[in-house]
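By written order: A, B and C. Residues from 1 in each chain.
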């Protein structure tokens, strides 16, 4: 990645720190080194006529497996060699090795090391990981009234299971990587072989392999690192917590990225319109869904433009105001000492404060914040003559409109890009609003997601992809996979059969 | 000289439609009515169609040349036909012409802003903002430029609806009697009208960027036809709205039409219209500036980004030094006149020379 | 890094060039109406009204008056009186005193046409008497400007008065085959907009009285939703026709060189109120129709006579004629117009007479 390539010095330091494990050359040193940590257990376990040395990290190992599956079986048999030991344990993937690197790595991923003597260099490694994960719960960020109520959890195994059982085909391929010098996070790239464009898959794989990072906590780290333009305010990978959505995009020919420890899957490549499509749209009648999508689309435009327009009109273009509205506007602003721009910035910031406070506080306290903010601050500031009540309505509506965006990250972006619009509206009136809109357009035109145009299907204009963008056509119309993805198999199902119309009374 | 344009940077054939329309419609459509009315009166809408036919023929000629030289643009063709020295000097002239075109588009638009919205606005500030925007777009490559051309046609399309409102005051007798002017008057008007169609010669530069370029010809013709439609409808509505003597006194008849629009939520539309026009002007400036810098790159192998920065500085400096509406009008007059000769004399000549060249090459 | 530095400098530059002058809406004195009078020493006297919006949603009007020779001069003087800068962008009504109008108002109209911030829909009118008197009256909770603007609009919409605004006036002023007209406001106990002021070029030359306004409108335009009063010989109103839908066509006769102009007016309306002892029936309705036709034709005849005497053509007959005649000559038309044979042919249809038998 560009960002990291620029600073090669730091990079060296990081790798030095992590290469320590390789300096340990003997089993003895390894044991010494591990014992420095108090949660490392190392003891002799006597069985019939000999004893076994067990070593493992206690927090990583499931005690029940150890006692029920391993020690019980080992007790019964007469064991002479590691080979016997391996055969007697009814667990898969038992390894015999003396490679110190492998041993250390396995120990850290929840294996138990078994030897006959403390000084033995060869050992058996048994997998007994402790998996304490949250149970699958209802999606909270992308909640839908109807439709499946499952969401991803932090465990990549569970998440893969959620996807696999919805897509039981051998073509679903999972490529796993380990990313992060310290975190050793498991990253899985999922795609459907034969549908997904191999070029896209290679791009993703290559970018993930190129990641140089120490602690990869969440999938959003990956978004930030592998995006085509990491400086852009716009998220270029879609994230979702719904397995059903992940599966449906896999079927479309997109790529899903899962990260262990993150309940959010990433979808690539993404385009702008997808960020305004809630997955619930697919559960509703296409007409209703399209209507809501259009409302959502307009609410975004409204949310970005309405306060800047207010500022522009009041600061420069009073001619525009209808004569019947003039009285309302003037009387509401008469006592306000601030110019429209300050008034607007003040209120916008207030709303942002409320949102931020609500987001940081526990849910129960958070609710009251909304009420306190909305009612008390709003009315009080109007009465104190700090803002006009017309603007209060406008700002509240704009904030409301920005919350209709189904994707949280996009909502943040929309709220933030209002501020440059405001500034330009203050400097150049309507011209400023249009100019900043042009900057926005130019930026969106330049953006790509995995090298595919981000603004598609608006530009490059692809009427076929329009069928599922701002307006959602019935399923029977969407017989082709999106052109944006350049899929290897474009046909989803037979259009003829799906759209066949019977004659009257037939 | 240079390699072929890789497929990844090419655009779909039908976008030619938008490229042609976007560069033709500009500041001109706000003010062309009062200019073409001078010779042919209210029959001038016929002249618009006559001029458009001329442009169609020219586009046909351009494709005639370009289709035979695949992967080549005007700069290659000129050096091929006239040799290195003459070819390159012709190329430089072309580049300067495109540069001036973008300057004039920008300056005339800022003039409108100054007259209608912000009399005290600083040229430096607006000019810089515009040029920053333009450079940002051009730095994204030709695909992004084509995108701006596309959006610059599609988004402002809603302005067509504003032509319905003034019909409340339409005076349908204005257009009668039809064809009450001599052919010469109509042609004079048509000549003045051609100025509003200029800019399509950028096709010479972006031709190698088109996928399956031979198929784009029909889209180019559609583009011109659409521009004609826009011009004719605007002209007819303003002819119905204004009296013939009255329109001659109005500098920007289209803006005057917007002044009468009154909607429940907006009483005066022209401020919105003028601001939205930014989106129409943007492709004009962007495409011509790109064409100019592209020419420099093709001929002298200079870095296009650096050329653009130099161009921006030149434009700003000229803008700050040439003041007064008279001087600006003189420059724009000069550019359009040069454009007229470039398009209506040079292109046919080039076509003929190329034809002869082709014959000679074949006979060898 | 270099790029960022350049960006920052540019941003600073933009902010420092913090551009256009602000015109914050509540810090302006928005002129809503202007009136022009002549003082005794023949100087121009301008009166402006500025609505002052009160917090209890009522509007008081502030009136300023100054004299001068140029409008800009007056404006400069007025500005020195007002507490906020005067802004002309919401100008709704421009009134001219009869005397001012007689001297010609081309120059005074040009000031507003040239200014891009004045809308094309600003209404213009001539006032019988002092415009200051009109503008200083109390008009309920509205300001004078808004009240007058709404009064004009509702009269235009309901067809009592042909529409007129700054654009239409300019249009007619420049037009070769048309002369401008403006509504004429009469000032009595109430301010009424009920007559027509006729212009030759930009000079006010004559007027049409209140009872001719309807017929004039019918001869000029198509309109809907008007009311017409049918009178008996004594001048007493005998019936009223409502919801009139009027369409007119102009016929120039067979010989275009020697035109015989017929203005065909077709009116459709509803009979609502009538002063008669008998029950209304089909025959009676036919009679009323006939009565109305006769009355309007008579009025039209008088209107045409006035117009021809003054040699003004607010109906735009010249334009119509030009549309049919390829060799139209403005001068020739002007000479011809006085002696043209112009007649009006009115056809009244009463569709129904209410929901009772």
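FYI, a contact is a pair of C-beta atoms (placed from the backbone, for glycine too) under 8 Å apart; a residue touches a chain by one contact, two chains touch by 3 or more.
Each chain and its UniProt protein: B = GerAB/ArcD/ProY family transporter; C = Ger(X)C family spore germination protein.
Worth saying up front: this structure is predicted, and the values here are computed from it rather than measured.
**Q** By mean C-alpha coordinates, which chain is most distant from chain A?
**A** Max centre-to-centre separation from chain A belongs to C.
**Q** Across the interfaces A-B and A-C, which one involves more C-beta pairs in contact?
**A** The greater number of contacts lies at A-B.
**Q** Can you work out the whole-Å distance between the CA centroids of chain B and chain C?
**A** One centre to the other, that is 41 Å.
**Q** From the mean C-alpha coordinate of chain A to that of chain B, what's the distance rounded to whole Å?
**A** 45
**Q** Please report how many Å separate the Cα centroid of chain A from that of chain C, as a whole number.
**A** Chain centres of chain A and chain C, defined by C-alpha means, are spaced 65 Å apart.
**Q** In chain B, what residues contact two or more other chains?
**A** Chain B, residues with two or more chain partners: 117-118, 121, 126, 129, 267-268.
**Q** Counting only residues that touch at least 2 other chains, which ones in chain A make the list?
**A** Within chain A, the residues that touch at least two other chains are 316, 319, 321, 323, 428-429.
**Q** What residues in chain C touch two or more of the other chains?
**A** In chain C, the residues touching two or more other chains are 14, 19-20, 89, 119.
**Q** Along chain B, where are the residues that touch chain A in the complex?
**A** These residues of chain B touch chain A: 11-12, 15, 113, 117-118, 121, 126, 129-130, 133, 136-137, 140, 143-144, 147-148, 150-151, 264-268, 271-272, 274-276, 278-279, 282.
**Q** Touching chain A in the complex: which residues of chain C?
**A** Interface residues on the chain C side: 14-15, 18-20, 22-26, 28, 30, 51, 53-55, 57, 59, 87, 89-90, 92, 117, 119, 146, 149.
**Q** For a test of understanding, state which residues of chain A touch chain C in their complex under the given definition.
**A** Touching chain C: residues 313-316, 318-319, 321, 323, 326-327, 329-331, 333-336, 339-340, 427-429 of chain A.
**Q** Where on chain A is chain B touching in the complex?
**A** Per the stated touch rule, the residues are 316-317, 319-323, 428-431, 433-435, 437-439, 441-443, 445-446, 453, 455, 458-461.
**Q** Sort out for me which residues of chain C touch chain B in the complex.
**A** 10, 13-14, 17, 19-21, 89, 116, 119-121, 167-168, 170-176, 178, 316, 319-320, 322-326
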